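Across the two complexes that follow, chain A remains constant while its partner is chain B and subsequently chain C.
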Partner chain A sequence: MVAADFIEQLLNGLTLGMVYVLLAAGLSVIFGVMDVINFSHGELFALGAYFSLSIIAPFGAGTGFWIAIVVAPVAVGLIGAAIERTTVRPLYGRDPLYHILLTFGLVLVINDGIRLIWGTQQRQLAVPEYLSRPVSILGVQVSVYNYFMIVFAALLAVVTWYLLNRTKYGMIIRAGSQDREMVRNVGIDIDQYYTLVFGVGAALAAVAGIVLGGYQNVNTGMGNSVIIPAFVVVVLGGLGSFRGAVFGGLLVGVVQTLMRAYNGSVVATVGDVTLSVPNLEGLTVYLLMIAVLLVKPQGLFGTRGEESESEGEILVGGYGGVLADSTRVRLGGIAVVALALAPLAILFMGDQYYLVVLNEILIWAIFALSLDIVMGYAGLVPLGHTMFYGVGAYTAALVMLHYSQSVFVVLLGAILICAVLAWIVGSLSIRVSGVYFAMITLAFAELLYSAVFKFDFTGGSDGLLGFEAFLGFGTIGASLSNIEFGLLGYELGQQFVFYYLALLIAVLSLLFARRMMNAPFGSVLQSIRESEERAEFIGYDVNRYKRRAFVISGGMAGLAGGLLAVSPSTVIISPDQTLNWIHSGEVIVIALFGGMGTLYGPMIGSGVFFGAEEFLSSYTDQWRLIIGTMFILFVLFVPRGIVSIPSLVAQRLETANNADGPVDMDEPEVRSDD
Partner chain B sequence: MTETVLETDGLTKRFGKLTAVDDVSLSVADGEFRSVIGPNGAGKTTTFNLITGALSPSAGVVRFKGEDITDVAPHERVGRGLGRSFQITNVFGGLTVRENVRLAAQSVHSDDINPGEALFRDKNGFDEIAEQTGTVLEQIGLQDRADEHAEALAYGDQRRLELGLVLATDPDLVMLDEPTAGMSSEETQATMNLIDEVLSDRSLMLIEHDIDLVMRVSDRITVLTRGEELASGTPDEIANNEDVRDAYLGGVRE
Partner chain C sequence: MSSEGTSPDSSVGIDRSRRQFIAAAGAAGALGLAGCQGGSTGGEEAVTVASLNPMTGPFSSLGPGQRTGAELAVAEINDTDDYDFEFELVTGDTETEAGAAQSEAQRVVQEEGAEFVFGAISSSVALGLNDFAGQSEHIYFPGGAAVPITGSACNEWVFRFETNTAQIAEAISAYSVNNLGNNVWFHYADYAYGDSVYNRTSRRMENASDDYTEVGTSTSELGASNYGSFITQISNSDADVVVLGMTGGDLVNFTNQAADQGLTDQMAVVGPTQTFQSVRAGTGSNSVGTFGGARYDPSLETGDNQAFVEAYASENDREPGNFARVGYDSMRLMAKGMNEAGSTEPGDVRDALEGGTFTTVLGDITLRESDHQATNPTWMAELVAGDGDTADVELLEQVPGSETLPPASDLGCEM
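So, the complex of A and B:
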């Protein structure tokens, strides 16, 4: 029964689609009204499922499920409202980038909280027996639960639609998502509604979590697995559009399910030609998203013009610091000398593991520096920067496996391939700006992430292994693993050699970037960050400069990825280790943490991030929770990053002396030209 | 008859059902100081944006120095000698005054900078650019404040810098969008003097609503109402034009 089979798959698609609708509705309205890109939405979704587990346990599936589906969303809604009040609220008016950082911190905190309370084991959410029974209608056999999910979610969607379209509150919220300023101008305090919107959005996400939890299972990765598809839905439908969220959700759910079910199967045979569904499972939705963003950036149902986007300022670790130029150069020199001597100290302490950590820090320092070039200097915020890190790593591994093991050839290959990739992605995406640019780069990164699973030459989900780097050209040189020599009775191995290679490349990268920012090209990038329109009207082709910056940045990120593959601690290059969107988030966090627009700030950020991770994880399993909390505090109170702390402290002291009242946190800035 | 520097032919811009600019054909002679006035919503700023390239017209042609530039990108128009200032001060606030001007000067010379130099040579190491920067700073009288951040300047000085940015791109025609908006009468006078001083050898097109100012400084004036050209002529001709008095001056000027 081909038709029945198809309808069954269609029903499965609609079921999944309904979950996306519930998720995307909240996400979309939250973005529309508040300009907040809420990455923690997925974790609120998971939280809904976990709350239900605890609620159902004492009551049993029969009644517990129905109690849970009411109580858990309310609880999550309250948490959402509390989150808005305490953390999101202070950030309105700033660039959406800060919401990304903040909600990324929330992801870490909530996710780790879940691990702490419920453990990491996969759990089954008990649903009433009469719901889980299979039922056959017209030869189509699916579980009653499918119908329940579709009907229940549709009901909620209709209620939400009614509230948005037929009530006074809904009208104001919708008006706010069209033009917030106008709503303020007619005398309505739109800010009051933000808490409500955030809370209801969180509650809807929680409902989605419960129904999906009952359909599949409940695990700590469930938030992570739905958040990116949910973003795809929101972008497809149009940011801020409820209708778009419904349409996009169903579309993505159905397309995903059908592509999975009919993956590679033969549709028809015409003579000698066999027509089959292309093997594009997982890729389709991202291709769809890229296509929509290119043709109609505001999404299928979006009405907001790009110009109505009021973007706040990106707070760079700017200028006017407390340290003199010469002091900075001296400090930089001292830092390099200290790093150069660090391995010796580690040698005496006898624990070479610290060297592995230092190597990771150096690789990520280069990666974060590459991001800073586009984010801190050209004002572009890519949410998919890890695509270059990942492609660089894959390229390096492939070059080592098939072509040459020479470190220099390998790294050069990684840089070139990533520069070309950046040129292609940049050419397509730089014409859309702001959030749309962030989203389209995310789509490209996800596309590549899904693609490496598909191909044999990238090793599928296992990744690549069995490669080794060779320090030198041709036959002159040595394999990293063969390098071992003694010094003062200590044995020095490949980790040492790699460390100095990475340190050298990191220092050269910093010097390169610094030189570039003080040259004509870099100066134009900074003018673009200050005012894109003005730069255009003194005669600069803004998009061309951005594209070139993106190419340079992509090449440098590729270099970092290449180094990862070369590193002796790396045995396998796998999709999750390199191309997972989490790394795009992490690198933004690191750059902001250190101080954007300063070059050295993001590199310091890398050191602090991985240093803190190592330090904390040796004391507690909940290190993500602590790091996440740290980010949240940073984004709220030290938005210009670690490098702004000296001037922040100086200003505090000054203010304390003058007794001039509280300090404005946004004020302190440090020099950018170092 | 002097040469024509700017010419529009049947310039029209429609936003949905609204026709903001309707079949406007202007011609600005080389060296002329032309002003465009009109009540709010007359299409002044839209006309301005069509000429600078910030908007593309629904119909019509823009010719600059005899070449059709209707489809030329804004930055390319600047490169050909069509400069503009902004109504709301738009300078690079986080950069120094000198760097602001230097960037504008660099833009004119970017063809002389090869890719290697663009990436690696010290931006202050280009003699021609540095020289031009120094000259412009002197002309706008901000040489003493060159190392301050632009955002630290007083409003009037920011307007001067704004003009300096235009000047540094060495334009043949400068489009000025209400350069004295929000200024006191002394500041207005100073700015007009400055314009006279530093831009007098270039063709100028001024978008303005201050009629007295326009009458004083312009060679010729174009009056727009509801997107259409009502009249063009010398200040005297405009002051005595019946249509203009009815439609715009409303009999206030006797």
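So, the complex of A and C:
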């Protein structure tokens, strides 16, 4: 019975694992060959399931399912190829960072498209009757569909393996994932193969979507729910390694399932001590990933060196600026004065809600600024930056609930705890770089996200409520929610006071960051970003500098999180609001959007992002589609962000005036590996 | 903070264009209802009411129903002569997430001037909006079922027409343990709602039968997608009944996989929200043979339900589900409270609603003075094969409204 039980669990694990294999195979090869971190892979997976819903409807489950499983992946594959041609292609040679902005935009567009066409109702994907019944073999009882999933996915995996290993196309693609430059040097135009790789990857994801859709259900969140585990699989297995994707997929599927099945069960009793499997469901895969990355950074089957060659160029917003430094400082001053006067204008309009929006913008401006310190200056891309924002918010709420309500104590607590957390995470992660660093920070963030659900002191899924901030020390000061005073007959409340507090902190943070970056410390960081090897040869301890930058950045993100909790608009601090990975993506997108490497650019990005969201969402439910499109257009045409618009305009004007031929914005981006 | 100081009139003048746009959008949503969109003439007082629903995020399959119900109620209220005021509906998306919800709540209250708010489904979001209502002193009707909303987190501004988990536990506990089997397994999602189903149902079952045995429990993470391992575990136990403390996508996935793996044939699968339209839509024939608590069913002859079902069906080409009826009657209860109070001031309406008895689609219910929870009846139901792709609900037994609720102090409410 125990053995049969275990085999059933193993089969369950393999079922899930095979879906991961299909998902990760495409993702990994796209990743390996093209260096594209494709966040939209999950949405292509969902699109497969939705297409098949529409195909099955007229034909019925019996035949419709089989038609769908052939037609839908082809359709999604074509869409994938079209996406590669129109949006991904222009970005080759740029840092993989830009693919995050691009594919994040694609996620918004595809997801909103799905919502628009198929609605938000979750649906059942009908599978043929004979597949959805239980079957018992030697006391092991699972659904026929489990066997179907395993066999079908395994067949596809074998076909993919064959194509990769026994055909000329496959050979070139594999070669490309190991050393693109060499492939080019022998005269093969590898770029031509990218469309194929992207299309096939998308088709495999679509198959996974259909197969899993039949097992679970079809809903608009299904892409989001698989993308992070899929990344884990890819990184575990090794970027670009098909073998790694297969092994990683099965490993994650089986480990996840077994941890679920046997959590809390007693392993052994030694004297008075009972050894049991700890309740680590959800945490296990991330712990596994961190462990693997620390021991073998290139993943279990990775063939590529640890990002030794720096692929592509990071486009920093500040280059080629047309505005003189003094003008810029003056503009900054004007902006601060305008921001300081903004509440008065809002007061005359009588609508205090805009203060709530401005407060949110300021908090995120600080958060984005903190990211710029590591991303724009040290060249590190953390995909888990929201862990500091979230931990800062939770720390602040907990300090207010249990220790002190003083705003200053609360914010200091948030900064310190997050700086310590950043030091720990930094010490473990900074030894790996590039994509691996991104992934390991993501793993830490996901660990914390899962953890807050499990603890009582963090309020579980409900989060923390009932805290209040006090503007002052000890008994001197006033509770933020009670502050109210009149000015010229207008009633000024808590939002007003908080706004100036947040504005002051934002300006101080910017000045602090500027000072740091203009000091020798900042110059060293920038030299590390430009060439890590050279910085090391000159004698700098590169990792130590990076870690310091990470600690400063973490502390500042914690400050932003602390401000969120202190804000009078905030009544609750909950897991999804603060620790969901989507915020890590958002803050990167905001920083890129504004113009990274400039400090003020990401802050402007925050204003434009939330302003646009506020404006668009009051006119249309499809605002995500518009914002997503905006991201895509920006990454294609304004890659240095909003702050580069003046110089872009100046350049265009110049081009129009001198008929010397076009001065292309993209010109400096010669591929480093060409 | 004092919102008393800001009279509703002063905020009505703000940002006219946008408000008009949203009001028009709200009316357009309810379009076709006897041409009500032209009805704001006649000098009646306009009261801004808000509906904040999860239109995106994990509960995006439930939010639209809530909103449609609220829109229908607003259209009807504006269309009859029973009320000498008109509702102007503003809407927002909570994104099933407390942060987004609280900023939407601030928008509708501070920018749009709404002092009557309905909405939210998830526990965390509703608790956040509870707190906000308490701070800004406006009426709030939550759409979430977690006990603490009118339990430990209750406050004087919050009234709930949604049936809470304790009431549903009452319906399923005694029936299951007396009719379906004594050996019970609990599988629940590891978060507030799941915990509360487990706590309440197991306690009620213990009281209902001496032979009750808890065979085992298992928990999964919220949003888990693969339940094969749990189903195997449950299937290999001695349980006669498995109670599922989960809802939404989690419940759909579990039910589908339970049917595929043969668990549904082997034992009684009982879910407090098993009868939800969205669950039935997501599970198709896989939910046939399972049992569930019912908070509502369109076939009910209680109160003015049939008139509601007819009006809803003619607008939306389908029958209303639980969330639609919550949206519908939460809005109507606000209006009825205003009539009763003879005022549209939140404070007066609160006093009128507190302890008041009103006719709803579930019959006459009372918003208890002690915790503002509606005394709704609940039902035990079985899912049977339907005409179409989805299973039908067959009501087995009713627990009258007066018997579904334990005293407010037991649920932790002190007001």
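By definition in this document, the second predicted complex is superposed on the first by the 656 of 674 C-alpha atoms of A that agree within 3 Å, B and C clash if a C-alpha of one lies under 4 Å from a C-alpha of the other, contacts with A are read in each partner's own complex, and residues count from 1 in each chain.
Everything that follows uses one rule, which is that a contact is a pair of C-beta atoms (placed from the backbone, for glycine too) under 8 Å apart; a residue touches a chain by one contact, two chains touch by 3 or more.
As the structure is a computational prediction, the values presented were derived from the model and not from experiment.
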- So if we stack both complexes on chain A, do chain B and chain C clash, or do they fit? fit
- Message: For A:Gln494 in the superposed arrangement: first (chain B), second (chain C), both or neither?
- Response: second
- Looking at the overlay, does A:Gly539 come into contact with chain B only (first), chain C only (second), both, or neither? first
- Of the partners chain B and chain C, which touch A:Phe521 in the superposed model: first, second, both, neither? first
- A:Leu258 contacts which: chain B (first), chain C (second), both, neither? second
- Mind working out whether A:Thr458 is in touch with chain B, chain C, both or neither, as first, second, both or neither? neither
- Can A:Ser531 be said to touch chain B (first), chain C (second), both, or neither? first
- Identify which of chain B and chain C touches the larger number of residues of chain A. C
- Message: One more residue to check, A:Thr441. First (chain B), second (chain C), both or neither?
- Response: neither
- Message: On the A-aligned overlay, A:Ser644 touches which partner chain: chain B = first, chain C = second, or both, or neither?
- Response: neither
- Smallest Cα to Cα distance in angstrom from chain B to chain C after superposition equals 35
- Item | Residues of chain A contacting chain B in one complex and chain C in the other | none
- Which of the residues in chain A come into contact with chain B in the complex? 316, 318-320, 515-516, 518-524, 526-527, 529-531, 533-542
- Across the complex, what residues on chain B touch chain A? 52, 73-76, 78-79, 83-84, 86, 90-95, 99, 102-104, 106-108, 110, 113, 117-123, 126, 149, 165-166, 168-169
- Considering the complex alone, what residue numbers of chain C touch chain A? 1-2, 5-6, 10-11, 13-15, 18, 21-22, 55-58, 60-61, 63-64, 93, 96-100, 102-103, 106-107, 110-111, 123-124, 127-128, 131-132, 135, 148, 153, 190-193, 195, 220-226, 228-230, 232-233, 235-236, 248-249, 252-253, 256-257, 259-262, 265, 278, 281-284, 286, 389
- In the complex of these two chains, what residues of chain A are touching chain C? 1, 5, 8-9, 11-13, 15-16, 115, 119-124, 126, 132-134, 141-146, 212, 215-217, 219-221, 225, 256-258, 260-261, 281-282, 349-354, 356-357, 360, 450, 453-454, 460-463, 465-466, 481-482, 484, 491, 493-494, 568-572, 574, 576-578, 580, 617-619, 621
